[in-house]
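I'd like to ask some things about the structure below.
Chain IDs A, B, C and D follow the sequence of writing; residue 1 opens each chain.
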Amino acid sequence: GANDRTTRVVHRALIALVALSVLSVVLESVPQYRVYRRMFHNVELVAVACFTIEYLLRLWSAPEHTPYSDRSPWGARLAFVTSWSAIIDLLTILPLYLSFFVSADLGVMVMFRLLRFFKLARYSVGIRTLVAVMEAERKALVATAILLLGAVLFSATAIHIAEQDAQPETFGSIPSAMWWAIVTITTVGYGDVTPVTLAGRLIASVTMVTGYVMLGLPVGIVATAFAEEIHRQEFVVTWS
Amino acid sequence: GANDRTTRVVHRALIALVALSVLSVVLESVPQYRVYRRMFHNVELVAVACFTIEYLLRLWSAPEHTPYSDRSPWGARLAFVTSWSAIIDLLTILPLYLSFFVSADLGVMVMFRLLRFFKLARYSVGIRTLVAVMEAERKALVATAILLLGAVLFSATAIHIAEQDAQPETFGSIPSAMWWAIVTITTVGYGDVTPVTLAGRLIASVTMVTGYVMLGLPVGIVATAFAEEIHRQEFVVTWS
Amino acid sequence: GANDRTTRVVHRALIALVALSVLSVVLESVPQYRVYRRMFHNVELVAVACFTIEYLLRLWSAPEHTPYSDRSPWGARLAFVTSWSAIIDLLTILPLYLSFFVSADLGVMVMFRLLRFFKLARYSVGIRTLVAVMEAERKALVATAILLLGAVLFSATAIHIAEQDAQPETFGSIPSAMWWAIVTITTVGYGDVTPVTLAGRLIASVTMVTGYVMLGLPVGIVATAFAEEIHRQEFVVTWS
Amino acid sequence: GANDRTTRVVHRALIALVALSVLSVVLESVPQYRVYRRMFHNVELVAVACFTIEYLLRLWSAPEHTPYSDRSPWGARLAFVTSWSAIIDLLTILPLYLSFFVSADLGVMVMFRLLRFFKLARYSVGIRTLVAVMEAERKALVATAILLLGAVLFSATAIHIAEQDAQPETFGSIPSAMWWAIVTITTVGYGDVTPVTLAGRLIASVTMVTGYVMLGLPVGIVATAFAEEIHRQEFVVTWS
């Protein structure tokens, strides 16, 4: 009905505003565009105004929404304020309000403002599914990252021992060799640092094959989770 | 029978013509081969003549073909003309006809002529299956691309903050840092731009591992869709 | 029994001989090892002698082996001689015999001698399974390669148009731009050729994401085939 | 109860000690941190003391633990001492004790001390699962590595033949061409060595596509094993 159409229009307007405001944050950082500073600031003012209204409306109507509908009105609002989604929303509007009081360090503020990008996930089933898959396999992915770190440690130590005499400035300590090891094991391979000795190249070969083979872990984890999520959704669709 | 054999011969001739004409487009761009210009032009003339005949025959016989067989003859032809497949076919022959009237910008024209390559999909079950799989998961793949863009944005902003003083010419703005971020997160790793500070390398490490782990999303999506497509085809084969 | 033990010993000896002879081919190419020339030649003589005896014994006993046991003795031997496995075996011993008559072009000969490596597949269930999986999905993998070629063509043409003025020596023609495109789409990313214009970098970004996403095709194909092969083997083990 | 809480606290303390001691090994290698030498040595002393106590306690209580509970007390202890887990534990504490007697080669000792990292696997279900998956598919992964080696050999030989005249210092022998081949086939692509001739670039293109497609093998193997492991665990959880 008319209500549905209104929701759709509001959603699309918010998506456009998120896109515009993220674009503005990105372009603001370009030195040549300093001259458009005032325009970027205006976009920010409009965006923060809208997101603030959205936040307040969501806060006010929290008791009517599903996850909190069994609580008291103020209990629902408190639960909303402490939810991840609301905290992120707050962080994305905070930098502007803070800038009225303190001349803030722009660096981290920019990161906060970019968090707006994740508002998109709220309006897309596809992104929500992917995020849900990654989150469901959080533990397995962290375990993969730890295994990867272990492989990086061993590989960095081995190449440090093999190459420290030949290239002391890049392989002179384990931490600096770890830069090479992570670039290699993720198969990125910048080539800014490469082994030159025979032993170093043998170690590098083993590291590359390890990275190539271990890629099966994250892919296998996500693929399995994704297949199950799809089957679960089909099951829901079929039976309800 | 004889009809089948004729179809097969015509298909093979068209495949050969597509290959020859694409090869001619590619070689035409080589400065040393300018001397063969006339030959390339003749290949183009023959190819466009054949593809025009093919287009007209398909247009004429549209009412006899499955997707349009329940329509009126001219309704079927209209439906054919507005189908994706026919639009692409038209685009691949248009540049030559346009060149008779206007001295066209060659750049985009070359892209149009190369669209012929996708005619191959019409004659190969394998390619059609793969394209169908990619198309069926269009939404999930776009969602993956948006998530990837979000990761690129954050990673570019973080490295811009960390490296802007050390390397102002390459990390001096978020858009220029995005070049590094996308090269890194897709694990391509040209190495034309690399971080040199400790903070930059830590951010780069997180970015690389993110790209390595997120590879599970497209692969999981396509692999799941592919497995289901295969099972569906086997089901069809078994039950019909 | 004793027979089994003999078979195992012979297999291991042949594996060792394959490894030794491949190693000898590899080391023979090192200019510094020219002094060991005579030794490499002796290894080759012994290896070819053994592989010739193996070939003749397999030829002689062909009628007793499963795939040919229903044929006449000489029919079985003819079928053996024209099998892929026997042709490869013959190619690996031919270079030495040819060198007695003609002073052959060493290049291709070295490739033939290296084919010995594939004898290993005969003695390992694991390698045989993997090769069977790749072979079963031959068509789908070729279709993937053709799709990849199409993506390379478009990407190369687009970057050629965008970068030909900025970098005429590397992007001056479609064939030379194809080198960049294939290095990028397979996510190898040497970095010997990279775009420098804004349009070029946008096209490169699309190419990288295409390569990152299309990786799902070969991986999905092989993973699906592998899972089915495993289930088929388990089925056979369970029911027989 | 209190016992469980104690176990948890001890586990966490051991995890912290592993992390601290690995960090100390890593930082010890940095030339600028030589001044903190004594501190690193003290961390090592504490860590080895704790790990020695852990080893002795585990040795003593071996007869009470599941895998050995059906053996005689001393048989259980002998089985424990010769288990992989105990050998690794011993190797991680040995370097310090050895250093009291001999002035050891620090290189390999550092590797032994880093083995502590694998103690983490003992306390994390996730890591244990991943290691179990990789170990279960050991044979298939080794077969993949051998196939990869075969592809590297052929690709290195072909490029050696094509590029030896153009770049004798990098492609002058098969072993040195193998460095390029492995960097390329694993899609790492440092770019320190790249082909420049047309034939070399064609061979490189085939090599890159081979690496891109063969990535399906390790990923397919690990993904299949992972999916089965997950289903097995769910089966156990559902039925027990």
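Please note the rule applied: contacts are C-beta pairs under 8 Å (C-beta built on N, C-alpha and C of every residue); 3 or more make two chains touch, one makes a residue touch a chain.
The structure presented is a predicted model; accordingly, all values stated were derived computationally and were not measured.
The chains in contact with chain B and with chain D alike are A, C.
Each chain gets a centre from the mean of its Cα atoms; the one farthest from the centre of chain C is A. On residue numbers, the C-D interface is repeated by A-B, which shares over half of its contact pairs, out of the options B-D, A-B or A-C. Bringing chain A onto chain B by least-squares fit of CA atoms involves turning it by 90°, to the nearest 5. When the interfaces A-C and A-D are ranked by C-beta pairs in contact, the top one is A-D.
We define each chain's centre as the mean of its Cα atoms; on that basis chain A and chain D are separated by 28 Å. Per-chain CA centroids place chain A at a distance of 40 Å from chain C.
Multi-chain contact residues of chain C, defined as those touching 2 or more other chains: 144, 187-191, 215, 219-221, 223-224, 227.
The touch graph of these protein chains is complete, with an edge between every pair of chains.
Within the complex formed with chain B, the chain A residues making contact are 22, 25-27, 29-31, 107-108, 110-111, 114, 117-118, 120, 124, 126-127, 129-131, 133-134, 141, 144-145, 148, 179, 182-183, 186-192, 215, 218-227, 230. The touching residues of chain A, counted against chain C in their complex, run 187-191, 219, 223. Against chain D, in their complex, chain A makes its touches with residues 139-140, 142-144, 146-147, 150, 153-154, 157-158, 160-161, 172-176, 178, 184, 187-191, 194, 201, 205, 208-209, 211-213, 215-217, 219-221, 223-224, 227.
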